[in-house]
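Two complexes come next, and they have one chain in common, subunit A, joined by subunit B in the first and subunit C in the second.
Now for the complex of A and B:
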């Protein structure tokens, strides 16, 4: 996915994206960021530390006395998770889900952005159509796809029967069968991710200098060559902005899983997020749930940090 | 002659590109049309086989049922309280988050200071924390101080959730303002604050509107935190309210579609008003740095 950072196109890219000169202002900028920083520490930082503490205790909501820390039992929740087969399965499911969703969303959005950049008829109508999925809350996305893939009343099965691809008795249990349950969740997530990614990549494509393409045309470059050696490397900063934004929001996929299958049936689509809810909220095991929360926080932060680093590298922010 | 032989080829390619683009995007938008259509159809057309693709008549029944205007149907969904809570939580949190996020975004855009990148990254990473993970300790802490089932408690959380993205967007918008303007403000004797308040903030109002609508939508659509913090209708917003249409084995698809349409209204306004601004705010750093 990453562009080769030594390519000439990339160097030219970096030169164009040199940083603005910022001014020195002593204490003033700290005063301006402090309300935001304090609030985030209060609402995100402190609760996360508290949850780290809870994760070292055997706390269960219905047993108030269980919220006490002892060194001997501190790591018991984490040990439990490591020996928990369902935890490993939900971790594996989450990794498969993320890998497929992120890569496919990116590839589809990239293709769509190149397609849209060439459209000459009804540009603005098409862009509005592109934003339609943005009008849906993630929970609505899940709800709508749950309905579309419903075995008896769903749009997809009805359509397949209408065109004669499947029999009326042979309705496909989209949300139940392996691996169809996972595939439908991935389709819903990709549908939700497409607009923002495509818009950013399209903006990037339209901002590329046309002289470079004209020069390449004179040299007889094919359409694919132009894309592979000019458009794609020059789009690197835009790609990383799109991927960073997506990684910030990736846990929204929880909403989709929660309403489409809720991890089921029989934990076939269980992911880390749904398993946390099951452990903490349904079984009131807050200690164990907090331990698992911390694992997801760690993964999410790592994921975001990676893309953000790439973004900074690609555009030299400083 | 030479150019003529290229002509038809170009024409053919262009027709193909346009046709493919239109086909793909109509397919992408199809689900939304289906949902909106469902909200205004009679129930018999929805739960029937073979499917009725094109509605034979349109009706507002679903809305009459939802708001309890139909004397034959008992109102099951507390749509008024979802609406009130959604508006309160999103409105209050947007106002505060945009104020604080704008201050931070301005500092990141204009000033050089120690730990600039560290602060920026730290604020961004706070946004990467999954809502599920955050909801557990917030539930325990709010339980102690009596803030669960409370719209104001919810709004307080959404402020922190919305600051990072606002700061990112505003950083992008402030950087689009020509530096010369700020410099001339300083020459005219403005301090840092009055240069910000009197010169740059008014210029960034379109950006501010974009950030505000974006923050509003994020709170409006949030599900993971509210589903843990709001256990009853006193604080439930639309997203957890959607579950009121599901029972163990049946789902009221039309009622759900009808509420979905209400939920989409702010997003539709957003798409119409600010799509262009949003792109430039997100990508500005990449275009001109």
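Now for the complex of A and C:
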């Protein structure tokens, strides 16, 4: 039997089985995830590629024959956008909005997370309260803040009138004046963003090793020094994750902008999302809207890559 | 014997009275077809008073055996977007769609022409001007539901106060009477604000198609035209500049609200409702709201007048304003049950349903309904109830003027109104702003194949 088991034929069979097993072992994980991959390709990949194709055509929603690709005009949508002053203005507005909202949200969330980490009584109640803004759909947040800042009936102006800071004839047009329109949208977005960011940073703060802080206390470090030289650097990975999520998620602010100012007046608060909607849906210029969406995707990818690089750097430093 | 005779006569009299009243009662239509087992889907405008009409659908369902499923209830701009997307993707699987004279031109390749489904008799009661606006390239695409046009609304207390009238005479050398043209409105609105008689002199919607439409109306009333016969933009002419400067001047001087460029219809109505505005041009549909003392401080304190004529810069071409349109129903070309959809439209636009909707304050599009509501209002407690209807009928009959019935109306509006907002806010001069809008419009029209 033993001699048989070592026969060249059997050795060959064993080698073959081992090879097959190796292939199966390598193939098995791919087979298991393939349904999900195929689904994602169908649901996400195909529309993405299709919209890329559309962006090279003059397609208009209500003109089905316009969905045809010709080499001669393939780049016309992109050329048109690059020469479009409104596009550049909406891009600038979006960058300003994104930079201010994300950074201010981060600063406020960081402060809140440090305070919450030190609260010993009523911690669960405070965390629940903190999550209240997450329960509102962005469209409701927009409606709520539009009412707050309404010049005629709004809470803010009525408060200012009641305390005598402004006259009834001098109502402040919060949603109209520069830069108040942008500021009101930023305030609404920050209000909506803070809970998620605070929770990430709070989780990060609570996971930091206590030995480091104890050693710092022994060395006589002040509270600020502990925050500046221990908490803040150690929180860096969490900060980058929070900032990345927030930067990508900021497009949810579309509903807020749409409801509060709809990009106006006179395009003062026009952003990429409102301009894309106006072009693609209201004006039915779907090809042009798709081209603009792809420019936005390209910028988002660059932004995300930057944050991931920073994240990796922060981990290496730790 | 005499008693019996008296009873017979009485019964006959009652029967004849009943017969006359039954004949005189407004009638439903579209109930003469068996639609058992058919589900009619419809995409509708929703919100507030618009939805009251849909309560009558149960009568249609009971009489025909059909089931009506409302697949969308959205505001006008949202349903316009839904229709565009559904038509483009072939997803318009409904039999009846809300429509509007301002929007229909862009949908025509996707709609069913309706002239073969309606007899001349059935169309005869509708206003010819509105049916004209519903007909594009010889095909009838809309069956009107109710009309929209605006009269001047003014605060009566300002015009009935002798002290104010005397002060106005001193200041301007003119008698203070309800304004009939834009220049009088300008003088009076400024006078009321400058002398503290009213917080605001005038209001208007300041964004989207609402602003474009109001400019169109003022420009048209002043003798102008947005486009020439070749669809070249002409709104940046002297008349357009004068209208834009008027609006910018009002904003700079606090005659109109500081948040004008954020206002749509509801915001504009709210200012007037609060008794804060002296004069404004406003749709008739807000009448019941303004007359409700529980909702509005202006209730009982306002009057109505025919829309203004324009600025004298237009010379002899000056004419009454009359930006108008009509809510309507259409049948998508992809409707699974077009005949059933038509039957439902016949029912919803019937004399009876239209009359019931007119009682809510909407302006009817049918002559027979006009007769009824004016007769009903003849003994109304408030004479303005009757005057309003008589005035509206004149305006719908004589001043009804739709914007250009072209598919590019909304894209044009999206180009135009931000420029006008910039002019109003003082970011740019009237001439520069209108010139920039004209250049962009020309490019858009060229892309669309107009020249």
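In this text, the second predicted complex is superposed on the first by the 280 of 318 C-alpha atoms of A that agree within 3 Å, B and C clash if a C-alpha of one lies under 4 Å from a C-alpha of the other, contacts with A are read in each partner's own complex, and residues count from 1 in each chain.
Just so it is clear, a contact is a pair of C-beta atoms (placed from the backbone, for glycine too) under 8 Å apart; a residue touches a chain by one contact, two chains touch by 3 or more.
The structure presented is a predicted model; accordingly, all values stated were derived computationally and were not measured.
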| said: Do subunit B and subunit C fit side by side on subunit A in the superposed arrangement, or is it a clash? | reply: clash
| task | Have a look at where A:175 lands relative to subunit B and subunit C in the superposition and call it first, second, both or neither. | result | second
| field | Touched partner set for A:245, first subunit B, second subunit C, both or neither | value | first
| request: For A:65, select first, second, both or neither according to whether it touches subunit B, subunit C, the two together, or no partner. | output: neither
| field | When both partners are placed on the shared chain, which of subunit B and subunit C touches more of subunit A | value | B
| Now for A:153: first (subunit B), second (subunit C), both, or neither, which partner does it touch? | both
| Who does A:281 touch here: subunit B (first), subunit C (second), both, or neither? | both
| task | Considering only touches as defined above, state whether A:167 meets subunit B (first), subunit C (second), both or neither. | result | neither
| Between subunit B (first) and subunit C (second), which, if any, makes contact with A:83: first, second, both or neither? | neither
| said: Taking the superposition on A as described, I'd like to know which of subunit B and subunit C A:112 touches: first, second, both or neither. | reply: first
| First (subunit B), second (subunit C), both or neither touched by A:210 | neither
| message | On subunit A, which stretch or stretches are contacted by subunit B in one complex as well as by subunit C in the other? | response | 152-153, 281, 286
| message | Quick check on the complex: what are the subunit A residues that touch subunit C? | response | 61-62, 64, 150-153, 168-169, 171-173, 175-176, 261-262, 264-267, 270, 278, 281-286
| request: Using the touch rule from the top, collect the residues of subunit C that touch subunit A in their complex. | output: 81, 84-85, 87-88, 106-107, 109-110, 199, 206-208, 254, 257-262, 267, 270-271, 274, 407, 410-411, 414, 418-419, 421-422, 425, 427
| message | Residue numbers of subunit B touching subunit A in their complex, please. | response | 14, 17-18, 20-22, 24-26, 28-29, 31-32, 34-35, 46-47, 49-51, 100-101, 103-104, 106-113, 116-117, 119, 121-134, 136-138, 140-141, 156-157, 159-161, 163-165, 167, 175, 179, 192-193, 220-221, 223-224, 228, 238-239, 242-243, 251, 253, 256, 260, 263-264, 267-268, 270-271, 275, 278-280, 282-283, 285-289
| remark: In their shared complex, subunit B is touched by residues of subunit A numbered 16-25, 28-30, 32-33, 35-37, 39-40, 42-48, 50-51, 54, 112, 115-116, 118-122, 126-140, 143-145, 147-148, 152-153, 155, 158, 161-162, 191, 194, 199-200, 203-204, 207, 237-238, 241, 245, 247-248, 251, 254-255, 258-259, 273, 276-277, 280-281, 286, 289-290, 293-294, 296-297, 300-301, 303-305, 308, 312, 314-318
